Amino acid sequence: MTRISTSTFRVRYAETDQMGVAYHPHYLVWCEIGRTDFIRDLGISYAELERRGHLLAVAEASVRYAASARYDDVIRVDTRLVAVKSRTLTFAYEIHRDEPDPAALATATTTLISLDRDGAPRRLPDTVLDLFRAAEHPDTGADMIRG
Amino acid sequence: MTRISTSTFRVRYAETDQMGVAYHPHYLVWCEIGRTDFIRDLGISYAELERRGHLLAVAEASVRYAASARYDDVIRVDTRLVAVKSRTLTFAYEIHRDEPDPAALATATTTLISLDRDGAPRRLPDTVLDLFRAAEHPDTGADMIRG
Amino acid sequence: MTRISTSTFRVRYAETDQMGVAYHPHYLVWCEIGRTDFIRDLGISYAELERRGHLLAVAEASVRYAASARYDDVIRVDTRLVAVKSRTLTFAYEIHRDEPDPAALATATTTLISLDRDGAPRRLPDTVLDLFRAAEHPDTGADMIRG
Amino acid sequence: MTRISTSTFRVRYAETDQMGVAYHPHYLVWCEIGRTDFIRDLGISYAELERRGHLLAVAEASVRYAASARYDDVIRVDTRLVAVKSRTLTFAYEIHRDEPDPAALATATTTLISLDRDGAPRRLPDTVLDLFRAAEHPDTGADMIRG
């Protein structure tokens, strides 16, 4: 069972701003890439989960920015699932630059709530919850930052 | 009946890139703002049209860029409807900077196709087509550029 | 002196996602619009501040999402400056839907650090700091949520 | 010498809109990914070229959309350089879905103009022009669409 999922990609020109660095809200997009890959690594497709009427909506998001990413840098997002409840999931992310010069760029956490198509809270299917629970990692996001 | 709709807004920081100017694909987002306002000026809400199962999907888009837009510039999009058919609409756009220094920035055209929720071509309702036809402007996008 | 700045705009089609609502990272873009307007209301242009070599980079951002925004909704962002230090500013935001049906959508806070063009921390000019301090609002973001 | 560069990536959730498909301006972002990879395959880094004061700004862009891309689809962009002049480059792109079900999604062309940091037209360095010319592909974008 994967406990940490790793996603890598290059910073797009579209993601830069006039400061010459990746614009800060894009880090939440990168977290979503990490989350999609984490779920895929569990053998679930989030796209398929959503087609079956289980939507994971972001209820809380926070990011701490330590260093900047530049165009064409190779970024790595390490994603963990730090809390699983019947209706909410909390993911923690470490965002690194791998190339050209390795650096820790940011940490982030997002809490997602499971909804049905009408936006009402809905318990995740047990088979899915079991997979998430088996992949739950006891460390908190705060621990990740310090570690 | 409005023949030219005008939309104004400021360039967002989010829209800049590391060249220090508005990133070029955002001009198509600005065209969509112009199109939404044009349709609203006809007394139709595109949001409502879509809720009723009439989707307008972009089939072709082209943009000619003449000058750059910078963060916080006041942009004006002038939108015309240059061709109406039972299943397609062609809009033409002139994008200007109004402040701080007026300049013509770009011209663009987009052709939209009317689809149902399943993505199949679907004739627009006659009441809507009539409104579009009454607002149709004979000039082509090419004429707009030269004019 | 303005203590709360108000920004209003409509949700763009570009901002929606396949859940049919505004995609969550865009709320940070909306906060930046609120921040730009807040600074403008003080008589300062952030664009001009940046041209003079004072960059405000986001060091921390957090958002709590309470309800969804849909395409073409009229959004209002109320922005306050809740903490001013010589090198950091903390803004708090309340994001509301004004039309068609009023609702509180989200609260957010961002902490910005003042940098020079090379990314090194740099004290803001005293004249600018004085304006920010005069506009500082003692409430925390947490109070804003409850209030 | 590479004549066609291939870029592959998955559609991000961030790229979807409320029609449930990738929002049309993002195709120009995908073209830029293709262009970046094409230039990299020639042994040049566009990031480095820009650091040396050679900016390639988009002067014209056009896209024809044939089919939609959905979240998590694997997209492939095939990029060719169809015209090289001393100050302009024209690229043509074919955008395909590779997974889950292969399909041709769109064709596009963009013409870029070489500028200096102040936005004035500037001839590309001969060493770079030589590499571009050697990679020039005689077919036009129009031929690509039909072929």
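The letters A, B, C and D name the chains in turn, as written, and every chain counts its residues from 1.
Just so we're on the same page, a contact is a pair of C-beta atoms (placed from the backbone, for glycine too) under 8 Å apart; a residue touches a chain by one contact, two chains touch by 3 or more.
No experiment lies behind these values; they were computed from the predicted model shown.
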item: Chain whose average C-alpha position is farthest from chain D's own; value: C
item: Contact-richer chain pair (by C-beta pairs counted) among A-C and B-C; value: A-C
item: Gap in Å, rounded to a whole number, between the CA centres of chain D and chain C; value: 35
item: Whole-Å gap between the CA centroids of chain A and chain C; value: 24
item: Separation of chain B from chain C, taking each centre as the mean of its C-alpha atoms, in whole Å; value: 28
item: Contacts with 2+ other chains: residues of chain B; value: 13-14, 18-19, 25, 29, 50, 71
item: Category of the chain touch graph - line, ring, star, complete, other; value: complete
item: Complex contact set, residues of chain C against chain B; value: 9-10, 12-14, 29, 32-33, 36, 45-47, 50, 70-72
item: Residues on chain B engaged by chain D in the complex (per definition of touch); value: 18-19, 24-26, 28-29, 50, 55, 57-65, 68, 119
item: In the complex, chain A residues that touch chain B; value: 13-14, 16-21, 23, 25, 71
